[in-house]
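Both complexes shown next keep subunit A, but they swap its partner, so subunit B is in the first and subunit C is in the second.
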Partner chain A sequence: MTVDFEQVLCPISSHDDVITLAHGSGGRKSAQLLNDVILKHLRSEYLAPLQDSASIPVRGTSLAFTTDSYVIDPLFFPGGDIGQLAVIGTVNDLSMSGARPLYISLGLIIEEGFPIDTLSRIVKSIADTANRCDVQVVTGDTKVVNAGKADGIFINTAGVGSIDHPRPPATDRIAVGDAIICSGDIGRHGCSVMAQREEYDFATSIKSDLAPLHLIVEELLSANIDIHCLRDLTRGGLAGCAIELASSSRTRFELQQEHIPVSTEVRSLSSILGLDELYIANEGCMLTVLPQTDVNQALAIMHRHPQTKLACVIGEVTEGPGDCVLVTPFNTKRKLEQLTGEMLPRIC
Partner chain B sequence: MTVDFEQVLCPISSHDDVITLAHGSGGRKSAQLLNDVILKHLRSEYLAPLQDSASIPVRGTSLAFTTDSYVIDPLFFPGGDIGQLAVIGTVNDLSMSGARPLYISLGLIIEEGFPIDTLSRIVKSIADTANRCDVQVVTGDTKVVNAGKADGIFINTAGVGSIDHPRPPATDRIAVGDAIICSGDIGRHGCSVMAQREEYDFATSIKSDLAPLHLIVEELLSANIDIHCLRDLTRGGLAGCAIELASSSRTRFELQQEHIPVSTEVRSLSSILGLDELYIANEGCMLTVLPQTDVNQALAIMHRHPQTKLACVIGEVTEGPGDCVLVTPFNTKRKLEQLTGEMLPRIC
Partner chain C sequence: MKYIDEFCSPEAVDLCRRSIARNTSQPWTIMEVCGSQTNTIVKNGLESLLPDSINLIHGPGCPVCVTPTSIIDHAVELALRQDCIVCSFGDMLNVPGSSLSLLQARAQGGKVQLIYSPTDTLKIAAQNCDKQVVLLAIGFETTAPLNAHCIVQAEQQQLRNFSVLVSQVTVPPAIRAIMSNPRHNIDAFLAAGHVCTIMGESEYAELAEEYQVPIAITGFEPLDIMLGINHCIAALEQGTFGLMNSYKRSVKPTGNHPAQAVLNRVFEIADQQWRGIGCIPNSGLVLREEYKRFDASLLHPFTGTSNADATACISGEVLQGLKRPSQCPSFGTQCTPEHPLGAPMVSSEGACAAYYNYSSDAL
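Up next, the complex of A and B:
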């Protein structure tokens, strides 16, 4: 069911003097680009921890600040659209640092010739989603580029949130012995987008898991559950996220394969496509790393929310060199590696 | 020297069911798109005033929050590059609401095949400029789209600043009798980019006026100069900006044509191209609207900074229906209208 990504996915034309799709994958090439080109010049106190959001001090108060661009193709997919994605993605990024999402900026880059009624649908979707997430779009910008110089529409949102909790989740709080909870079944977002693309006209009922997680996070934090780290499983999927967290915290993330929730539909489709669901992007799914003593209370809260009703412990943080291993049902261990190519381009 | 934009610039193919370049011009079509499509759905307390930045309350403190996408072509131009532009544009937008710029987010959308050393030059330029402007890039995102689906690189930055002043500049503080100061000679940014484009291979010495204005603004505010409104003269140029401010404040902006600083080079080039320098984008030039009594002190401060050494009073706010008129040297008046087409696409 799994494939050798090293061999299959690394494009033959890939070399390091031009940008390839792999540089946007959230995998190994993305990390290389980040380190060798971006952080080389832009290293800063707040950028360094590579959280979903930066925690920044402003006049004695602590804020979360984050940004994401959305280049998803197609713009409308089962379970959502680019507008919903642009709001929810940023709301979730703020939530993952324990912040209460407050304000969003909206940057639109539109290709000349883009239908205005499609734009209107997308903007309405942004407004409805912002409303649903209790965030306000407070500033925006629209640029138009010549026909053929962009692909329909790209959206950037940045978000500002308030970090009210005294000990917010952060990568450096991950501790050996912590439990790892996965909040839901994985792979639905990527599969739904993939199935929608013209070249793969599958009849499938898979819908994206796209959903805001901020209310669940707020409830967990209000209940004084000592969450050490939160991370949503977007680009790079569960594996990409677990590898990154293990690497940052210099521990080992040991995941029990048979505990990881995956629907039959996602398993079948990813199997047909030769994809590994562990690496497929999600948009409403998160890892929660927390002390074992807090697990039952956290799961009780999660199970009350439809979005996280399948939440379960999928593994544990152990001592290690900063890697992630998958324990198979036969109790063998497979080391998970960051993708070197791009499995599903333009999934978010 | 001026042209009838209504007739010349409105593209023949322009109709209202698809996006045209004019929708990104900062002119009439942009305003239509903003009102009919974007604000229709997204009207909010903070978005409504249409300042360069939104002023948002967070836990008892007042912040400025702004965003801009940069799609300029070419990426490198005399006097700057897209990286400098992406930092300075956002720094200036924060300054215009009287905020001290603090943090910047960086969203990169890169086309597959883009040279990594060009990316590296741009990121270095971003880092150097952020350093020079005393802002930190604290969060970022990189997306890669397939070859042919974007044009090299698009950059979005959002910015957060702290509004420390008790009475920051705002459109609703513009008052009849106020003086209007223009901080420098206009049209250099647009002309430099235009001259650089392959199709117009002019030999010209015009350099973009691209420069951060935040230190000058901070000095003006610290000196307790009662600035009513600030606006940088980007898309839409001096005319677009003055028309917008007059319209928002329901006054008349009366500009004295002979007082508006324009270099001979810009005047010649724009004349050759049939462009009106009043509408050409600037990236280091602002209007300051303030009481007549504060003019001398403001000019004295501005004249100490190289970027604003040509600052001068170019007009006055009078009673009016929300329009802008240009008083010619012959004392005739010309009403300035928002552009209906796009004079210079992808200038920022």
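Up next, the complex of A and C:
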């Protein structure tokens, strides 16, 4: 069979003209959407670093400011619910900039027909979680849309925190030779949500890792550990986060697969579904990039907190073009690429 | 899990690596038939553990890669109809049709339901009596018994709104097609453990005899693949051929009888189109006469037109092992997983996507 390349026709259009779910998956298409559509029109020195939250100078101090929207199905999952997620996600985004979370806003978009009982459960969960995280909900908004125009309930929260540390973590502080710590076993949030979905309905014991990280971060910073960068692993998973950090710091993140903590349950479920646990979402795990000399002290602090008791060094920052490389247990290497679309289970 | 861990053991893989290196005295080309084998090889960088003289090529056993464009187009057309729900395995959703993939159809309001098991489709049909529920029944001998079972269940449950769009293929005729091509350079095969778990060993023993090649049936963990390669190399170096079962913990000599029975009850053999390759005689499974009332292609005929497969990309040559993905001028440039020109760039089992996502070339 020979092919005349002059005659080759592309069976699909080379550019998307509508949004697909892949644009929201945190991978390459999300990045494209951000660059090609959003950042084309919106430019600001505070937006440009694309951190989890922006650092804004206000009268001689720095404030961290962030926002996130939560559109999860199912609303209640093992280990959490959309209310907890809406508070903790924003608290974690603030603490990744080294900020102390203070105030959050709450926007609710509710579909007509949504049970008030369920809404009440969600709002109670928001209140309890805010209390637990020592943040206050100080402003909010509620909108109701026609039946079929939203999937039950969508929540948006924005958060403000104060950056008190003189040298807060930031991607531009990542340096060659730094150690990379992963704070816990990966993939639990994505797996717990996936196993609950109607189309799978797997019986598993996997619970989401959803948990606030701000107290651990505060303790690390107040112990004067010279944290170069922090990033919570959310959409796109460990791989997505490591690739982003390597790319923005123009280094190479070299990760040792054998050292990456993954529970047996997560490994089994992702193997059954043909998914790569490195790309599965988390809501209570973070990467900490720091000088090798501070590693022992940082791990000692992390190991005192239940959420980070499995923290360990999973790799190091080396010189490179801005990519992420995984060293397999067989001592072979492969480059990790951003997810290119929704994670879809394989056929067999 | 312990059982799987043992087949991921770095020490055992290293023993196998040394044995392969010791035994290899000349260049050999081995084709792994199945996309899941390809995935294991590239994900774990197994090629870099082999001597340079061993060339692995990736065969046609990726179900989404070989499903004809016309089937996708038909599924897309049905998904966009108000009265239809199309049910499909996950990685089929992103495969480009002539104009849209199922994912793109879903973004335009089409009803596409992702399923994990074909029998989930029956529940969906029972819950949506006002809709026609169509199962996209694709894949090799591994998925065929599941889909057949689902059809038998639909018959017993007297579901009137359930049908299947069938594009089932079988492995042995594809191997024959590859070996009949005078340009082929394949010395041995790694046969797919899942398919053989259903079908047993005999078809592959016949192929090994017919083409006088070593064939090793393998599983899908790193050690499984290395063992299969080791068995093939040992046979090649000794100048012997025949079938070796390197996946005895799953593959029994005569396969899975109940699965074969339901497959044969519902399906019969027919000629089949393979995306990028063309028609391979007797390589497909179609519904038997008594099950034709579940045939979506008859109940809801395709009204559109499909672009010819052959012009899409060089997937045919890649799937037959005549070219490596990186030898395609579009690879990684015009053709990427975001904008696939052809199906092998879509699924993580597809040779091109596997190479693209797990490439170690630049390291």
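Keep this in mind: the second predicted complex is superposed on the first by the 328 of 348 C-alpha atoms of A that agree within 3 Å, B and C clash if a C-alpha of one lies under 4 Å from a C-alpha of the other, contacts with A are read in each partner's own complex, and residues count from 1 in each chain.
Operating definition for what follows: a contact is a pair of C-beta atoms (placed from the backbone, for glycine too) under 8 Å apart; a residue touches a chain by one contact, two chains touch by 3 or more.
Just so you know, these numbers come straight off a predicted model, no measurement behind them.
Residue contacts after overlaying the shared chain place A:47 against subunit B, while subunit C stays out of touching range. In the superposition on chain A, contact of A:264 is made with subunit C only, not with subunit B.
In the superposed model, A:274 lies in contact with subunit C only, and not with subunit B.
Taking subunit A as the reference chain, the count of touched residues is higher for B when subunit B and subunit C are set side by side. Of the two partner chains placed around the shared chain by superposition, subunit B is the only one that A:140 touches, whereas subunit C remains out of contact. In the superposition on chain A, A:253 makes contact with neither subunit B nor subunit C.
Using the contact criterion defined above for the overlaid structures, shared-chain residue A:77 touches neither subunit B nor subunit C, since it reaches no partner. Of the two partner chains placed by the overlay, subunit B and subunit C both lie in contact with A:20. In the superposition on chain A, contact of A:328 is made with subunit C only, not with subunit B. Once the two complexes are laid over each other on the shared chain, residue contacts for A:337 go to subunit C alone; subunit B is not touched. According to the touch criterion, the shared surface of subunit A, contacted by subunit B in one complex and subunit C in the other, consists of residues 16, 18-22, 342, 345-346. By the touch criterion stated above, subunit C contacts subunit A in their complex at residues 1, 4, 8, 10, 13-14, 36, 39, 42-46, 48-49, 63-64, 69, 89-94, 96-101, 103-104, 106-108, 113-116, 120, 138-140, 142-143, 194, 222, 277-278, 307, 310-314, 316-317, 320, 322, 329-330, 334, 336-342, 347-349, 356-360, 362-363. Those residues of subunit B whose C-beta lies close enough to touch subunit A in the complex are 16-25, 30, 33-34, 37-38, 40-42, 44-47, 53-54, 56, 58-61, 63, 65-71, 102-103, 105-117, 119-120, 123-124, 126-127, 130, 136-146, 148-151, 154, 156, 158, 160, 162, 164, 342, 345-346. Touching subunit C in their complex are the following residues of subunit A: 1, 3, 5, 7-14, 16, 18-22, 28-29, 32, 199-200, 264, 267-268, 271, 273-274, 276, 323, 325, 328-335, 337, 340-342, 344-348.
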